Amino acid sequence: MNKVFYNAADAIADIPSGATLMLGGFGLCGIPENSISALATSGIHHLTCISNNAGVDDFGIGLLLQNRQVKKMIASYVGENAEFERQLLSGELEVELIPQGTLATRCMASGYGLPAIYTPAGIGTEIAEGKEIREFNGKAYLLEMAFEADFAIVKAWKGDAMGNLIFKDTARNFNPLMAMAGKITIAEVEELVAVGELDPNHIHTPGIYVNRIFQGQDYEKRIEQLTTRTQ
Amino acid sequence: MNKVFYNAADAIADIPSGATLMLGGFGLCGIPENSISALATSGIHHLTCISNNAGVDDFGIGLLLQNRQVKKMIASYVGENAEFERQLLSGELEVELIPQGTLATRCMASGYGLPAIYTPAGIGTEIAEGKEIREFNGKAYLLEMAFEADFAIVKAWKGDAMGNLIFKDTARNFNPLMAMAGKITIAEVEELVAVGELDPNHIHTPGIYVNRIFQGQDYEKRIEQLTTRTQ
Amino acid sequence: MALNKFQIAQRIAKELKDGYYVNLGIGIPTLVANYIPEGVNVVLQSENGLLGMGPFPLQGEEDADLINAGKQTITTIPGSAFFDSAMSFGMIRSGKVDLTVLGAMEVSENGDIANWKIPGKMVKGMGGAMDLVASAKNIIVAMMHTNPKGESKLLPSCTLPLTGIKCVKKIVSDLAVLEIVDGHFKLLERAPGVSVEEIVSKTLGKLIVDGEIPEMDVN
Amino acid sequence: MALNKFQIAQRIAKELKDGYYVNLGIGIPTLVANYIPEGVNVVLQSENGLLGMGPFPLQGEEDADLINAGKQTITTIPGSAFFDSAMSFGMIRSGKVDLTVLGAMEVSENGDIANWKIPGKMVKGMGGAMDLVASAKNIIVAMMHTNPKGESKLLPSCTLPLTGIKCVKKIVSDLAVLEIVDGHFKLLERAPGVSVEEIVSKTLGKLIVDGEIPEMDVN
């Protein structure tokens, strides 16, 4: 059972138009750059993209938006993207906004075989409309369903041929959660190491959740808000 | 805010009789040995102990059973303990059995602020009696409540004064889950290292979940089923 | 005189207690980190997956893999820990984060908050705000007391779509510090040189003024 | 002749496919690991928190921190991963484990299984069995066809308290390999030298015998 793919184009080759994709990352941090580039040149369209954010105009999911490949975006925050705004206002693009913690936990629920979760996020707001509300210990919670995608595409720091993944710093974010929520999960890694090289105590995503893995290249790792101090 | 305690006796000093305790470990692997010894000499009683197992006659929770300190045991498997069996049959000890995955996930739910979970474990069995059953996508699930304890007592491999914990191998098991489920969480560690020494990417339990930490000593780490091969 | 944003941050910082785990929202709340009182050790949580956020990096030391929830480059302090977004909101929902500081467009007298959406304008999303306000045990709002037209943002009930209900415990505005108790704003402190009358006139929700109102201690 | 426990394990091992993630229960199922066919790579999951279980350690190389769900000392293979018990059952519940092999006291013709409790005897607990049988997409039971009194353990319905319902897909007993389809046991193979008649006589639940029944290929 070989999980190792040659490159991004190889790993995403069978993703059809109309597919639902999860894409890891927070802002531009920890996004699967190689896979997004390959998707952008793949010609597929009518995608539903589930990702915390929608990239910026010329990077991340913004590249797919430029090409009109996205039919629907499911995210918690979609600022910093003029093309996104244009398509949304013109009605070309559907958007569903989900509280960030709910989004994260619905992905995890899928990987943990929990069909639904109860969360207080959104109680008393428009997010609760039409949803089941239930009290536990005097506090109200919304029932939110586990989230699954046809393909989950994540980016890790290191990985091995068994599909084990280790993430770095805050580039972890949604990546291990979405890795658990794909019917097929594709992981791109900065460094594909030999099996046995990763300390089994340090692995964030066990290989059982990963179907395909490839070594990415030319990572740009763009910084969205470069902020420094002077001393 | 100092979280570092001198030793087990110091860390458990305020646990009162009648308290509900969670104790990490699977079998005798990863159990908080120092804390259990201190509890055994503390004189407190009428404890409710939540732990996957109940130790053996002369080690682990077995030590508390010998002293008749346990009123109720909540576990998934309680074999290998004659004194346990005697107290159970004589009616001295109450026992509640919970499927292992349900036990684990109910602890996690508590640390994740999820009031309840739906799990298929126990559907169609006596475990489902009196519980709410609900179908999702054609499959039946039981509603099970999050689990919290007055004190969660766990054992880690390494920890620091911030309360960050790293576990080793299969000694991880229930420890990080119970660490999240204590109103007060006490962690004993084989090695208390300087703050900053643990790689922040390797931490299993972030310090926010840990209230007290101490460096344990004289770990016996008893093996329950020594099994070897010859070549 | 009304406080500037740095003074609002400075005043909020006095609410921090030793050992607190604190989540600071984007904008003025982020500035609070610059005014943590001496002898008070707090650990800053960033909901994108970090406990133990440090200051911004020195130029050239920034790391694209290390950002805060505002997507700014940051550093970590010794003893920090990284985790995924589910655990991050897990510790928020389970009440382990002691204090959350965030901005608001409107707050109502019963503690409702609106800070994510203005009808007719492009909606960018709630990010983690709904999770934070629904779960945090202690929420302080940093905000301007009035909008640019001079209209009160402390209202009998919010007019904008809500982010969460009955959750705000305290407000530090440019004019005053107020607590929310039993469906009222209660005036605790006023900005140096700002009169109680001005605060009363700029607060549309029910306001309790009880006894002498001291001035805030800010520089 | 009826199979011994090693032969049962050997026959079950033929069900393993390359790339499978497999959970092996205590007892006969554990032995399956010794008969994995050449060219078939499987990863063994141990529900106490390990993917990539290896053989028992050499004497002197045992580690108290490294055990399987039967509490036996074990080793790991290269590429293994440790995790906590919640994630472990998470991957079981979410159907990521391809095959679960476990023992049973009784199995019914509709796939119910009883393997945790005998009324009147000390109840030790279900451990992870209820989670496994409720979630696994493919469950093979390793069992004796009859109890020591010669009574069938393959029944119209279980008499003992259930562990799970409608979950068993296949049974490998000392006498036969059977599939469970539409509320019937279906005979697939018989132990070498064991007659169809003997299997029929020792199976109390509805049994389908369709055409020639081959002998199992075991040593």
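So that you can tell them apart, the chains are marked A, B, C and D in the order they are listed, and the count of residues begins at 1 in each.
Following the convention adopted for this analysis, contacts are C-beta pairs under 8 Å (C-beta built on N, C-alpha and C of every residue); 3 or more make two chains touch, one makes a residue touch a chain.
If you're wondering where the values come from, they're calculated on a predicted model, not measured in any experiment.
Common neighbours of chain A and chain C, by the contact definition above: B. The chain pair with the larger count of C-beta pairs in contact, out of B-D and A-D, is B-D.
Comparing mean CA positions across the assembly, the chain most remote from chain B is C. Our note on geometry: chain B versus chain D, Cα centroid distance of 29 Å, whole angstroms.
Here the CA centre of chain A is 37 Å from the CA centre of chain D. Between chain A and chain B the centroid-to-centroid distance comes to 33 Å (mean Cα coordinates, whole Å). Centroids of chain C and chain D (each the mean of its C-alpha atoms) stand 56 Å apart.
Taken residue by residue, chain C touches two or more other chains at 50, 76, 82-83, 86, 89-90, 92-93, 135, whereas all remaining positions touch fewer. For chain B, residues touching at least two other chains, in rising order: 105, 112-114, 119-120, 167-169, 172, 200-201.
Pairs of chains in mutual contact: A-B, A-C, A-D, B-C, B-D. Against chain C, the residues of chain B that register as touching in their complex are 1, 110-114, 160-162, 164, 180, 195-196, 198, 200-201, 203, 206-209.
Of all the residues in chain C, the ones that touch chain A in their complex are 46-50, 55-59, 61-74, 76, 82-86, 88-90, 92-93, 112, 122-131, 134-135, 161-166. On the side of chain A, the complex with chain B involves touching residues 105, 112-120, 136-137, 139, 141, 145, 166-169, 172, 200-202. Residues 26-30, 52, 75-79, 85, 88-89, 97, 99-105, 107-108, 119-127, 157, 167-177, 204, 221-231 of chain B are the ones touching chain D in the complex.
Residues of chain D that touch chain A in their complex: 18-19, 21, 41, 43, 45, 50-52, 76, 78-83, 86-87, 89-97, 135.
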